[in-house]
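Next, two complexes with subunit A in common: one pairs it with subunit B, the other with subunit C.
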Partner chain A sequence: MAEEVKKQRPPLDPNSAKARLGKIAAEAYSSAQEAKARGEMVGWCSSNFPVEIPETLGLAVVYPENQAAGIAARGAGERMCEISEADGYSNDICAYARISLAYAKVKSAPEQDMPQPDFLLCCNNICNCMIKWYENLSKDLNIPMIMIDIPFNPDYEVSDAELAYVRDQFWAAIHQLEELTGKKWSEEKYKEVMEISGRTSRAWLAATACARYEPSPFNGFDLLNHMAVMVTARGKLEAAEAMEKLLSEYEENHEKGVSTFRTEEKYRIMFEGIACWPWLRVTSTGLKSRGINMVTTIYADAFGFIYEDFDDMCRAYCKVPNAINLEYARDKRVKLAKDNKVEGLLVHTNRSCKLWSGFMYEMSRQIGEECNIPVASFDGDQADPRNFSEAQYDTRVQGLMEIMEARK
Partner chain B sequence: MSVQEMNLQELLDCFHEVAHDPGKQMKKYLDEGKKVVLVAPVYTPEEVIHSMGMVPMGAWGGDIQLNEAKKYFPAFICSIMQSIVELGTKGVYDGASAIVIPSLCDSLKVLGQNWKYAVKDIPFIPMTYPQNRKPAFGRTFTKAGYERVAADLEKATGIKFEEDKLPASIDVYNAHNAAMRAVSEKLASHPEITNQQRSDIFKSATFMLKEEHTELVNALLAALDKAGASAKKTIRIMTSGILADAPDLLTILDENNMQIVADDVAAESRQYRTDTPDGDKAPLERLADKFAETDNCSVLYDVEKKRVDKIVEDAKKADAKGVLVLLTKFCDPEEFDYPLIKRACSAADLPCVLIEIDRQMVNYEQARTAIETFKDLLA
Partner chain C sequence: MYTFGIDIGSTTSKCVVMKDGTQIVGTSLLVGGIGTKSPAEAVRQALENAGVTREELAGVAATGYGRNRYEDADYHVSELSCHGLGAHHTFPGVRTIIDIGGQDAKVISLDSEGRMQNFLMNDKCAAGTGRFLDVMANILVIPVGELADYCARAKEPAQISSTCTVFAESEVISQLANGVEMEDLVAGICSSVAGRVASLAKRINIVPEVCMSGGVAQNAGVRNALSEKIGHPILFSPNAQLFGAIGAALYAWEKKQ
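Coming up: the complex of A and B.
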């Protein structure tokens, strides 16, 4: 194993991308709380709901998936899951949903509080589990639910029929929200949001593409944290500016030959799946201590939405990772693996996410063959700490490393 | 022997034979020169397949050990999907022209993707349904889904889809729905019919042409009237879940003198509640209207959770004394509904018990204990 070199870290520069992105992520909660205090309506929003809609309408929204990840990362996943389980929810259900349903009931979690919702914005382009979760929130809290259904696309391309269906729903959602909140859709504002969102996305994609450099100028685990801003704030100007700053820092790191991966980069891998938030340090250290940098993940381009107009935006939301067929999903990953010169694939078989994990065995076999790289998987969970074994993780990562070493 | 000449027992035996030997049924159709198309759960547009002169045959998996399927699915995907792939890899479905798989839950989405690589000889045809199925844009999208299925079937079989043949098939399916609703209601007043026999009647429908099954069911209804109801006293219950066909489980219910008098089971009554409406619209639009009007199911968007109220309502209407939830392990649509069902039953003073089941269950002793406790509760 590579020796970890401990370096004295300087205090965080408030103008650094990391500080600015952290501030934006934190403000996503505080600004919603302030809106609530002013008497404005606040929504709970699923992570791949078209954020352009609430942003253009000027609605305050918060993201239960982000909250659940935060709660899990701060050690309270099990406590919250158990609250839902006591109400009859199976422990096989997505842990984000269990945490969120528990929060809607107890309305407090010091690990990450957020305002209670007046409406719900649901989009199932990541899973149908999302529909069930939000239905129950809507029923329990007696609040309206706006549902945009983006079906799983069995084909490589988005059909005209799907585009028309999704476009009509976007407009229906906009009109429902106008009626509910009294806010008005403005084409001018939408264009501004679209432009900023594109700017943020371009910077994000360019920053993550810096992984092509050897060594990579960043630790791939950084992406998992910065992604929160892409999810919640990509339509905001400060997000665009912070992402551009991130890009310039990564380019600068490359020029100086430094990296936020603070040890020798001996191996480069792609990571598949949502982070194991309750075990973030363990999963990160297990890689870093061996000199393995997770340089890329499908997250890297999943939240980079670049589009030209409203229809193009609809298409972009039809192409998020969990809404696409195996072949398209595979090809996107193969491109990432090749562009970033990865030497191995580590797959998180995520107990919480049936859709993401359900055809991953076949897809990862195909990626391994296409890229001629070894594949290892481990069992875990995005938020329930009980579904992870440190010993299994360690063994699998060690095995992957040994194969990568033998191929050097 | 013609169906009309069969007595009650012979009819029940016939249902049992079909339900327990679908392979024989499939071979019979293939030997007759018919093409067979597999239909995965749920709400697959069988009418489209039927109108093309082919036999839609249910593929709901089987109670078998999983081996090959484990190469494709992690352990936490529902065993219905896994056993469908297992049966496919074992060649059980050989001879089928295609499989149509709707994408109404996450595990069904996964099934379609894995099927393409696990069972390469039987083409996968996706049926992509909208969840926002009631507005005009939803109905239009449903119709586009049906057109795509028809086009893929044409490619797989060489048989042309002709929309003007669809109304006759719609009539066949509506008549079958009516017969199945009638038999469910009739059986509630016939405690001498066992739960296994009831299950056979529903399960055999999956493997037969619906016009043939309707004829048998109508004959059964007449035979039941002729025989009259027995005076046997049973404990009346309602079942809810995706499947309720495990023989061991049904036997335990029979041994405990429990009678299923109504069900909210996806493989049973849920699929027969909604008819295709009459009217002047084009046949495919009528079929899309049927899906739009289909409700009260865990895999269909239901923000008001009307399904939960319907379970209580149906149980009361059938004079069921309790609700037995048979939860298919790892089925999250059902798992999300359960706490609300439990709450609604409790508010209606209706005992409700949960038993987790799957297609690999070999030991039913825990289920027996739960059922015995349920019986005590109802007594």
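Coming up: the complex of A and C.
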């Protein structure tokens, strides 16, 4: 294994992108708590619901998926999963859903609290488990659920028929929310949000694309932390500014020949799947200790949305990674792998996410062939720590490294 | 020059002493793997068999799940690479290795020079591993080493689930209760393991020659069923369980070269 170079880290500069992004991520919860305290309605929102809608309407929303990831990363995934399992939810169901349903019941988790919802915003462009999860929340809490159905697209492009189907639902959701909350849609405000969201997304995607430099100016695991802002706040001005700061820092790192990957970058890999949050340190250390930098992942880029108008926005939400067919999904990953010169692919077979993990057997084979890189996969879970074995992970990562080493 | 390989697995510890990267001069194989006294005893026995002292070893490589806990090694190498090296040393034409160990199954593809090109491993389920056979042998009160003999006498192999060890255990018990012959049950069990591993193997491009390594390679019932399911003959060596340790000794030798 590579020797990790221990360096004294300077205190975090409050003007750094890391500090600013951390503050924005924390404020996503605190500002919703404050809104709740003021008597405003608060929504729970799925991660790929068009955030531009609540942002334009000025509604406070929080994200159960982010909360579940935070709870799991802070060690309480199993405790929360067991609560919902005791209520009859199968442990085969997504662990984010189990944690969220448990939270709706017990209404407290010191690892990451957030206000209880008055309405639900659900979009199934990431999975269909989401629908049942939110339906049950809606029934248990007796609150309205606003649903946007974006079906899995078997074609390569978004057809006019799909666009029309989705566009009408976006407007229906807007009108439902206007009626429910008394807030009014403003075209002027929407254009402002769209512009900021585009600005944030462009900076984010440009920052993640800095992985093309060798060595990469960042540790890919940084992206997993920073992307929380892309999920929750991409329509906010401070998010755009913080992402632009992140981009400038990465460019500066490259110019100075430094990186947040604080050891020699011997190998560059692409990571596939949602992070294994309960075992983030273990999965990160298993790579870093061998000089393996996870330079790119579709999971991070998935939250960069660039579009020019309302129809284009609808199309963008039809193209999120879990809503597109295998060929399109493969091509996007192959591009990332080639652009960023990766030497291997590590696939998280995420027991929570049947959709994503299910098509990875074949997709990872195709990516490996197309890019001529070795592929290794490991069992894990985005939030349930019981679905991971450290020894098995370690063997697979070492095996991947040994192939990459032999190829050099 | 003597080099040493130790393979500390989940259920056994194996050691090999090699001379000049070609000749095996001492071996040992003990039941008991990581966390037991077996690794130390296996080292002692292998050195004694070889008539070599620790000080005479130019290099030591550890592999297997216990590799990182073994401190007296110059190198810690994954069992994936070591099985590749060990199998290639024994069968120079081998391109695909199917390794079924105590707690996992692996399919490893090699290039013509014995370098690992890719690999696949089972998921976290115990079905399709040596543990599955241990559990079944325990229910049937048959030593696991005799499963192949029972299998050879089977007339009509029973159908046993390959989905889950616990499901399969229930099936075996209910079939026993229904009077199914022990030999037919054992053949069904071997076929179940073979079916699970064949599915894994078919996900990688199986290039002949194919060999088996790991403890389950000793079981001709699994070997024959697997050969039939993948459509290729499977090479077998009595040293199959030592391939990891042989590979580790070879790795140490290559590094010292």
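Note that in this section the second predicted complex is superposed on the first by the 407 of 408 C-alpha atoms of A that agree within 3 Å, B and C clash if a C-alpha of one lies under 4 Å from a C-alpha of the other, contacts with A are read in each partner's own complex, and residues count from 1 in each chain.
Following the convention adopted for this analysis, contacts are C-beta pairs under 8 Å (C-beta built on N, C-alpha and C of every residue); 3 or more make two chains touch, one makes a residue touch a chain.
The shown structure was predicted, so the numbers you read here are calculated from the model rather than taken from an experiment.
In the superposition on chain A, contact of A:325 is made with subunit B only, not with subunit C. Touching more residues of subunit A than its counterpart among subunit B and subunit C is B.
In the superposition on chain A, contact of A:398 is made with subunit C only, not with subunit B. Once the two complexes are laid over each other on the shared chain, residue contacts for A:361 go to subunit B and to subunit C alike. Shared-chain residue A:375: touches subunit C; no touch with subunit B.
Of the two partner chains placed by superposition, only subunit C is touched by A:389; subunit B is not.
Legend: residue contacts after superposition of the two complexes on their common chain; A:294 is shown touching neither subunit B nor subunit C. Of the two partner chains placed by superposition, subunit B and subunit C are both touched by A:349. Once the two complexes are overlaid on the shared chain, A:60 sits clear of subunit B and of subunit C alike.
Put simply, subunit A uses residues 349, 361 to touch subunit B in one complex and subunit C in the other. Within the complex formed with subunit A, the residues of subunit C that make contact are 65, 68, 76-81, 104, 115-121, 123-124, 203. On the side of subunit A, the complex with subunit B involves touching residues 87-90, 92-94, 97, 124, 127-129, 131-133, 135-136, 138-139, 145, 147-149, 151-154, 159, 161-162, 164-165, 168-169, 172, 325-326, 349, 351, 354-355, 357-362. Across the interface of their complex, subunit A is touched by residues 71-74, 76-77, 103-107, 109-110, 112-114, 116-118, 126, 128-132, 135, 137-138, 140-141, 144-145, 148, 298-299, 301-305, 327, 329-330, 332-333, 335-340, 342, 354 of subunit B.
Across the complex, subunit A meets subunit C through its residues 1, 349, 361, 365, 368, 374-377, 379, 387, 389, 391-392, 394-396, 398-399, 402-403, 406.
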